[in-house]
Amino acid sequence: MIDKIVGDIAAALDGVRDGSTILVGGFGAVGQPDALIEGLIEQGARDLTVVANNAGAGLVGLAKLLAAGRVRKIICSFPRSAGSVVFEELFKAGRLELEIVPQGTLAERIRAAGAGVGAFYTPTAYGTKLADGKESRMIAGRNHVLEFALPGDVALVEAWRADRWGNCVFRESGRNFNPVMATAAGLTVVQTQHVAALGDLDPEAIVTPGIFVQRVVHVPYGDPRG
Amino acid sequence: MIDKIVGDIAAALDGVRDGSTILVGGFGAVGQPDALIEGLIEQGARDLTVVANNAGAGLVGLAKLLAAGRVRKIICSFPRSAGSVVFEELFKAGRLELEIVPQGTLAERIRAAGAGVGAFYTPTAYGTKLADGKESRMIAGRNHVLEFALPGDVALVEAWRADRWGNCVFRESGRNFNPVMATAAGLTVVQTQHVAALGDLDPEAIVTPGIFVQRVVHVPYGDPRG
Amino acid sequence: MTDVTVLTRHEMARRVAQDIPEGWYVNLGIGIPTMVADCIPDGREVLLHSENGILGMGAAPAPDQINPWLINAGKQHVTLRQGGAFFHHADSFAMIRGGHIDLCVLGAFEVAENGDIANWATSAADAAPAVGGAMDLAVGAKRIWVVTEHTTKQGAPKLVERCAYPLTALGAVSRIYTNLAVIDVTREGFVVLEMVPGLTLEALQAQTGAALRLKDKQDV
Amino acid sequence: MTDVTVLTRHEMARRVAQDIPEGWYVNLGIGIPTMVADCIPDGREVLLHSENGILGMGAAPAPDQINPWLINAGKQHVTLRQGGAFFHHADSFAMIRGGHIDLCVLGAFEVAENGDIANWATSAADAAPAVGGAMDLAVGAKRIWVVTEHTTKQGAPKLVERCAYPLTALGAVSRIYTNLAVIDVTREGFVVLEMVPGLTLEALQAQTGAALRLKDKQDV
């Protein structure tokens, strides 16, 4: 019997290596796998590259991982936001590399990695400094920039309900980057608010089929914080 | 009040021009918008390029459109199948152009068109005759072929339920190419088995949001034929 | 200028909302653009899109009816209308990049007479600017309207011949709503469609960094 | 060869099924590969994927329980297991191309000792061959196993030094199950893992178009 549900967060994050690229779901505080991020701090992996839309806020979650000195580089679209003090300090101190990627290009690069597409041409950012040094090409009368797939070693995902095969559904705007990142990592770990019995999720409404998921851990986290 | 539901198939297909590229959903007989294809024969547009997985079977649907001499070119992955006699005759007689595209590349080219991606690199078909004359490139240690977005002027889609905003859900393996094609055409026309009241479709389970749909026509077609 | 009543931020948002017809799919940026949502007349079905995977956003919730799971791209709590839908980020930006959004309303630091927009970084030296979805929206939406004060707080023009700030997108903007005027961006440059009462073209020109002309009657 | 009992098509499918462990995501091509589905032991959870948007396919339905909305890539009626899911074609091929399928079992016209596979067109002159999803599967799945008769009906070898037919993919195949043997495709060429009882390597070699060697005991 396939059972991807593991007993605790330590088991969910077992084996994450130093130097890994970690895809972290969530947009703002909604759909952020905070328990897994805290678990990653416990787990101890360092020299990480984090891919996330934001660079953390306050002193919890991603900000706490940054503050713990575990992150070498962050790839995101919107590093500065209300409360991104940890990011700002580390960045100013030269202790954090930053790659800014337009939000849609970020999502599409992650999708490309999950879908086996090596690279793609997007009109986004053409003629701007975010296209500096990138190849460009006129396609169908329009200038495009070449962008490469962005895979992760690990994806940390928050779901609303998940079953033992790893099928997931999300809740409202908690979906965001989570299903995209789930497709793009060698090890996709899901923290789920609820565990569903196999067959309880409507096959027409499953957002992330279990094929993309390696481990599921039950974290009845409650509402987004912050 | 937005109401994309039109009264009949003639209204649904009004304005389709000669020379159009028509994306036709369905895989085998399941999820094929047969009523819209028949309507297109009535409507009279000619010199069409049809994009579909198959090239029709028997003497109905796509095969009937081909037989009516309306199609100049077909772009598909699997032209020959049981009963594809109309295709075979026209093709042998030199009266139909054919472009064979691997099924996944076909789906991805259509998705790219809908997603504003001008072109992409795929490992599929590298080193085969379907990559003849195409650019290739080594990415992350792997050879890829450059493929371009494939947009349609019109997409013909079969849905299971749709509402007046054009939101759609599909039924089982009737989903197939339909939601992908819905994103990739200037005019997306949906024939739906059932009309849902606005708000009746679960926002977490809508597969094609109405933004991709211009017209909906109610065709209580019944089970797939053939 | 003493007799001129400039528009408030809310009035600017309301002026934009007037021009959005029923049936459009609209993405609203942060700031004044977000305020447009509440200015769309009741009963006019305009479908609001948010980058984080929402189509069919409704009004802001009452304070006691906040759903912590439902935020917009500006991280504000919102509601979902009947007929709305959720989807993931790649699908959301497929809608944007794929040209399915009829209108995106953005704020801007600068708009040039060729339609270039700068709205994400305040200097080329800023090493950590937050671009978010601005570049995707600016190239992807069918039309980009900018709503902004006509000048900076220091009185410097925001409508200019060429942008000095780092660009968001080239030639993207088609219309600008300011606290003083509504201006089209055309191949011939800025064309003034309307001004607030009491304002002269000369006075408007004095606060603008590129040439303006009034729309001819026969342009209509 | 007179004492040799060659495997039937069903036995070949069953032999393949033996080697598929619980938990694998598997796509089965048309022909003998499809028959593998019914040979997986009860209770071993192997998750079957179909190009047309199905994960978790179950056994073929009883004739009176056919669901006309549920077909596999070979257009045969199938069922869905509890825990199965539907998705669209682009998502389905994202699973394939993205390397998420553990195993794809395909038929073939030819397999070369370097792992090249030809299974979609019977001649370079055929202008309308049906490729379907074969090329995507052959490059995308984590491993490709071929199941095929060892020779053509005319007795010509299907395991060859270099494919003569148009290729489906380069260097894709890792194992071949025939009616005579199970053969790994290695950097050193074809390595025979097992043969049907009574068959000698010499007899097998005589029906094979490239050099074979027996797996060394120490290779294990």
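What to note about this one:
Going in written order, the chains are labelled A, B, C and D, and every chain counts its residues from 1.
By definition in this document, contacts are C-beta pairs under 8 Å (C-beta built on N, C-alpha and C of every residue); 3 or more make two chains touch, one makes a residue touch a chain.
What you see is a predicted model, and the numbers here were worked out from it, not measured in a lab.
Between B-D and A-D, more C-beta contact pairs are found at B-D.
Seen from the Cα centre of chain D, the chain whose own Cα centre is farthest off is C.
Separating the CA-averaged centres of chain C and chain D is a span of 55 Å.
If you average the Cα atoms of chain B and of chain D, the two centres end up 29 Å apart. Separation between the centroids of chain A and chain B, computed from CA atoms only, is 33 Å. The geometric centre of chain A is 35 Å away from that of chain D, both derived from CA atoms.
Shown for chain C are the residues in touch with two or more other chains, namely 80, 86-87, 90, 93, 96-97, 139-140. Residue positions of chain A with contacts to 2 or more other chains are 108, 111, 115-117, 122-123, 170-172, 204, 207. In this structure, the chains touch in the following pairs: A-B, A-C, A-D, B-C, B-D.
Within the complex, the chain D residues that touch chain A are 22-23, 25, 45, 47, 49, 55-56, 80, 82-87, 90, 93-101, 139-140. Touching chain D in their complex are the following residues of chain A: 1-2, 111, 113-117, 163-165, 167, 183-184, 198-199, 201, 203-204, 206, 209-212. Of all residues in chain B, only 27-30, 53, 77-82, 87-88, 91, 98, 100-105, 107-108, 110-111, 122-130, 170-180, 207, 223-224 touch chain D in the complex they form. Those residues of chain A that touch chain B in the shared complex are 108, 112, 115-123, 137, 139-140, 142, 144, 148-149, 169-172, 202, 204-205, 207.
On the chain C side of its complex with chain A, the touching residues are 50-54, 67-72, 75, 80, 86-90, 92-93, 96-97, 121, 124, 127-136, 139-140, 166-170.
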